[in-house]
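Look at the two complexes coming up: chain A is in both, with chain B in one and chain C in the other.
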Partner chain A sequence: MQDSSVSLNIMTSKIHDSDTLLKRLNRWFDHEQRLGYLMVAPALIVLLLLVAYPFILSIGLSFTDTRIAQESTGAFIGLENYAKLWDRTLFRDKVMINTLIYTVGAVPMKLVLGLGMAILLNRRFPLRGVIRGLILIPWVVPTSLSMVIFRWLFEPTLSVLNYMLAGIGLESVQWLGTPQNAIFSVLMVNIWRGTPFFAVVLLAALQSVPKDQLEAAEIDGANIWHRFQHVTIPTIFPVMVVATLFSVVRTFAEMEIVWVLTRGGPFNGTHMIGTYAYQQAIQSAKIGEGAAVSLFFFPFLAAIVFFQLWYLQRRDA
Partner chain B sequence: MVKYSRRDFLKASSLSLAGLAAGLSPLGQLALHAQDGNLSLQTWGHFISSFNDSLTSLSNSWATGAGTGIDINFTGFDGLADTLATAAATGAGPDLIMMLHARPHQYAEALADVSDVVEEVGEVNGGWYDIAKEACMVDGVWRAMPWFLAAHAMIYREDQFAEVGYDAFPDTWEGLLEAGTKLKAMGAPLGFSTGRADGDANNFCFSVLWSFGGGVTDADNVIILDSPETRAALEFTQQLYNDAMTESTTSWDDGANNRAFLAGEVSCTNNASSVLWAGRRDQIDFMATTNHAQYPAGPAGRVQYSQVHSVGVLGSSENIDAAKDYLRYINSEEVWLPMGVQTTAFNYPLFHNFEDNPAMPWNFDAKLSAFKGLAETGHTVGYPGKPSAAASEVTSSFVITDMFGSVCAGAASIDDAIATAVEQIEDIYNS
Partner chain C sequence: MTTMTTFKQDKRTQNAIISTVSYIALAVMLIFWLFPVFWMVLTAFKPNPEITRNEAPLSILEPTLDNINYLFQETEFVNWIVNSLVVSASTTIFSVIVGTLAAYALVRFRLKGGKVLGMGIFITYLLPQTLLFIPMAYVIQQLRLYDNLLALVLVYPTMMVPFCTWLMMGYFSQIPKDMEESARVDGATRWQAFYMVVLPLAIPGTISAAIFTFTLSWSEYLYSLVLIPSSASQTIPVGVPNALSSGDVFIWGSIMAAALIGSLPVVFVYAFFMKYFVSGMMAGAVKG
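For the complex of A and B:
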């Protein structure tokens, strides 16, 4: 009897202990801040491993003469890679200039077209929901897949575009055959691909414009343009800035469109930071130099990001 | 009923995801991989799919006999370059990988010494051609097993050439210019890629350069590009482009000339046997009057750029002995011959014994006879200098094709094109 009551006490005590442990765990997870960090942890780990770590490694590599599969390399050489790039005519006169033309040409167009699309999609019309989904197609289709299609559109012999031009009595165009045509073509493709991003982001911003402010402005006699200029634009301005920021950084680092369509040709006429970095780091196995190419504009881009975010903060204040 | 709140759901799902992530993490995958001792090969996916099927089937037979397994990953040329760079840098990747040009020179330190098996295979098969040694031997050590040459020739329309008075393909570049001028006037121009086409453009531009006596470096690796011979080659090509060729070849990739020929847009181009293969498959009527011819000769003779495909064993592989045994197998007569025959003269043997075998297409198909002897006359990157990592980089950076292309398109004068190319080559060789 005494043994069974002792066993019962032990069992009860164990059950009581496990309850307490479970309750303790529950209480621990109930803490909102802790749960929040736990939720964010996977994404943070991914960012650290796949973004921060490679970024820091790249910075380190860019200061060395590291070549893949050559153990005698890897010495610290300071800014020599950057100096070599600056002295290289191909980099200075082609890669840098092409990248700037590409970015400056594409981003404003994407912003303007995206805003126009967003304004139209903000209105009521039949099948609006379907069209809102369809406009995302250029942005969500894998780039290398859509570039295969464009490759066919620009194909010298079998170009659908040239077929249509011939149909209206115009001459064929060498879409990728000259440096000028090629950079125009890749620019157009980039605009096609990137405009939906602006459209969707700015559409969301437009929907947050207070209707009562627009109505008040209308009552006060403001026409459509004035309402757009003095109510809509100031409201969506921060979103425009952030979207433009993302697009500038993304366009600067563009690689897929150019590589699939032209591989940087003809005659380096479309070589950009992204494609040149790939060529140097992977094809030529000069990974130190490739890292330097990809980071060459980092201070400039960081300054743009800092300035824009500072401006937004100041504006909000 | 048990109350299950949103918070409970979040807790449970986050813990589950954490567990899943651990299992799928690189560590988890490595643990799985360690149990799988299969040999792995990354190779180019041949455009003739039956070659890929045969390779897979024969490799599985070898693996069964060897008491192991083999995983074959087919990819494009860019994929091979990416994998090789990654595997060499990290020490993790396939055991065997296909390489082009003189990549064994570029990655010599990351590749295992395969001299024993390569010498053995060479001896059994009548010895290697010099081009195989150029591409795969680095400082006296074989760093890759030569597998095949991507055989290249001129493909032309006999009927159209006959219309302008040519019963045989011109033997010289000057002769081709003459014929091409007449053909273009007739609406049947020539077409040679001067764009970023790894195979066709490099084949055309380097072959013209070398057959006019020009070159990137000499036997002592001194840069000799700026020479009267190079100027002569560029002047010739500029005239060929203006008087005999179709426009837009500066944007041609490796498939564009195929499509142009099969569409009847050009009367002649340079290519592997893939055009004839595709034309026969699609039953294009003018295949009956299509033929191949050797590359024309220039003032310095008939010198042709040739693309060696080799297979290397990564030094970090844990299966080097098995990999060498596999290399021995794929170059054996019972494997190489039937697979080579399937490729309709695309795969050209790099050892002497198979060339005269009656089963080889150039020995029974008159339209493929021009391919015979290519391994003897072909050279790889770096000629007339030595193949090297720098020579490989000059090719993969399209320095020479850009030089030719910019002159043809009028984007640069001959002097400026040479100066630009020399600056890039000096930068490559000096670094």
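For the complex of A and C:
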């Protein structure tokens, strides 16, 4: 009897103790700073260990001749990787130029076509909801899978595109067969994939254009183009800027489309930063040199990202 | 009077021209953007002899499920689906929880360094994987996780946590502050006010964050390509294109069937939740 009541006592006092500890912990954390830091801690750990650390590591690796599967970091060679790249015609005349063609060619087209698409989709027509959904499919389908579809569309002997060209009396095209054709095809495919993104974002922006202002402008005699120029564009302009900058970064660093379609070929005719970095770092195991490839344009990407941040904050203020 | 009627007539012809032109544009647009999708679906159900004979490529004489059967019986497609599911689901659960917690603290608490962290998250969201995949491969190799699905579960949150945080920051900033304030007056702690009052209101936001994190993880290519070399452990976006280059003769029917089945989950998700995605993006874009 006695024993059990004693042990019962100990147990309840233990429960009581832990209860106050929990309560105390609860109270201690009921504090803006402490609870706040506790809540951001997991995200902060992810950012520090898996983003900031690899990024700094990447800068370090680009100054070494480290190879993949090597136990330790390679020897420090200073800027040699960067100098080597700069001297290499493949890098200067193909990788850099192709990346520029790809970005400068695709982004404005995606913006213009996306805006056109958004304007069309904003009009009233039968089955509007269904068509708005369907047009998004190219952007929604996992890119590497839609690139497999394009491999099939561009197939050298069975290409259905060539079949249709023959139907209207035109000659077959080797879509990915020559460097010029391949870069054109890859560019078209990028526009195909990216335009619906612009369309969705701009459609949402168009829907926020104040109707009464459009009507007032119409009563004042402004024609459709003037209304577009002076009411619609100013309203959606910030969204256009943000979407365009976002797309510049993504297009510039794009790897998936080119890699699945051409592997950078033929004759390195479609190699770009993403594909070349992958080839050097992973396939040729030169991790230091690959890091230098992907960091070569970091200043440019960083400038765009900071401009974007500045633009958004200025608009908020 | 006459000028008025001609004005009206002009207007009517103008409108007629605009609507004709826009219908034509709409048709051209639909053909250009949807033909590849149509072509995939068609090929997926076309028997192999018809594909190679290529006599009437735009139709199917005898629709078949052989391509799909082949995919499930003769290839590693089922493995890839399971791998994609495991990786996407784990990434989603982790990233949504971590992102929601961080977003709430960043929106509602005045943290020292909170602004810097918020900016860091936004920058991480904007930077492309191309910049990080090389050191990531190095780190994963040092951790002896190369060719292990765990590597992807570790790496995907680097993209998804910033994405979820950004989306949820937009969402939380739309929930009025007096919700928590009245809970606090009634004696709730800060955590209780979040957990029992604000979080239930933010459930639609977390659902859309979860859905889009899942689809983004499902579609991810570069990290998966770099970190998982062996075929049996690959995810769908890497396994399917690799099947193209592994054999000399491509079996286009089953490859299109694989692309079709691999896309279906994502297409369904967007079909039902697109509205949430756009509003989430806009909320994020406004708040930055």
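Everything below uses one rule, namely that the second predicted complex is superposed on the first by the 245 of 317 C-alpha atoms of A that agree within 3 Å, B and C clash if a C-alpha of one lies under 4 Å from a C-alpha of the other, contacts with A are read in each partner's own complex, and residues count from 1 in each chain.
What we mean here is this: a contact is a pair of C-beta atoms (placed from the backbone, for glycine too) under 8 Å apart; a residue touches a chain by one contact, two chains touch by 3 or more.
Note that the coordinates shown come from a computational prediction; the quantities given were computed from them, not determined experimentally.
Asker: Could you tell me if A:242 is touching chain B, chain C, both of them or neither one (first, second, both, neither)?
Answerer: It touches chain C, and chain B stays clear.
Asker: In the overlay, answer first, second, both or neither for which of chain B and chain C A:68 touches.
Answerer: Touch status of A:68: both partners.
Asker: Regarding the shared-chain residue A:158, is it in contact with chain B (first), chain C (second), both, or neither?
Answerer: A:158 sits against chain B and chain C alike.
Asker: In the superposed arrangement, does A:287 touch chain B (first), chain C (second), both or neither?
Answerer: Touch status of A:287: both partners.
Asker: Based on the superposed arrangement, let me know which partner A:47 touches: chain B (first), chain C (second), both, or neither?
Answerer: second
Asker: When the two structures are overlaid on chain A, which partner does A:175 contact: first (chain B), second (chain C), both, or neither?
Answerer: first
Asker: In the superposed model, does chain B or chain C contact more residues of chain A?
Answerer: C
Asker: Check the residue A:29 against both partner chains and state whether it touches chain B (first), chain C (second), both, or neither.
Answerer: both
Asker: I'd like to know which partner A:114 touches here: chain B for first, chain C for second, both or neither.
Answerer: Neither partner.
Asker: Would you sort A:105 into first (chain B), second (chain C), both or neither based on which partner it touches?
Answerer: neither
Asker: State which residues of chain A lie in both footprints, the one left by chain B and the one left by chain C.
Answerer: Dual-contact residues (chain A): 29-30, 35, 39, 42, 68-69, 151, 155, 158, 281-282, 287.
Asker: Tell me, which parts of chain A touch chain C in their complex?
Answerer: Its residues touching chain C are 26-27, 29-33, 35-37, 39-40, 42-44, 46-47, 50-51, 53-55, 57-58, 61, 66, 68-69, 116-117, 120, 123, 125, 131, 133-138, 140-153, 155, 158, 160, 163, 192, 195-196, 200-201, 204, 224, 239, 242, 246, 249-250, 252-256, 259-260, 273-274, 277-278, 281-282, 287, 290-291, 294-295, 298, 301, 305, 308-309, 312-313, 316.
Asker: For chain C, which residues count as touching chain A in their complex?
Answerer: Touching chain A: residues 14, 18-19, 22-23, 25-26, 29-30, 32-34, 36-37, 39-40, 43, 51-52, 54, 57-58, 97-99, 101-102, 104-106, 109-112, 114, 117, 119-124, 126-139, 141, 154-155, 157-158, 161-162, 165, 189-191, 215, 218-219, 221-222, 225-226, 236-238, 240-241, 244, 250, 252, 255-256, 258-259, 262-263, 266-267, 270-271, 274, 278-279, 281-282, 285-288 of chain C.
Asker: What part of chain A is in contact with chain B in the complex they form?
Answerer: 29-30, 35, 38-39, 42, 68-71, 84, 88-90, 151, 154-158, 174-179, 182, 262-269, 279, 281-287, 289
Asker: Which of the residues in chain B come into contact with chain A in the complex?
Answerer: Interface residues on chain B, with respect to chain A: 7, 10-11, 14, 17-18, 21, 81-82, 85, 88-89, 106-110, 195-196, 247-253, 256, 259-260, 263, 265, 389, 393, 396-398, 402, 405-406, 409, 411-412, 420, 423-424, 427-428, 431.
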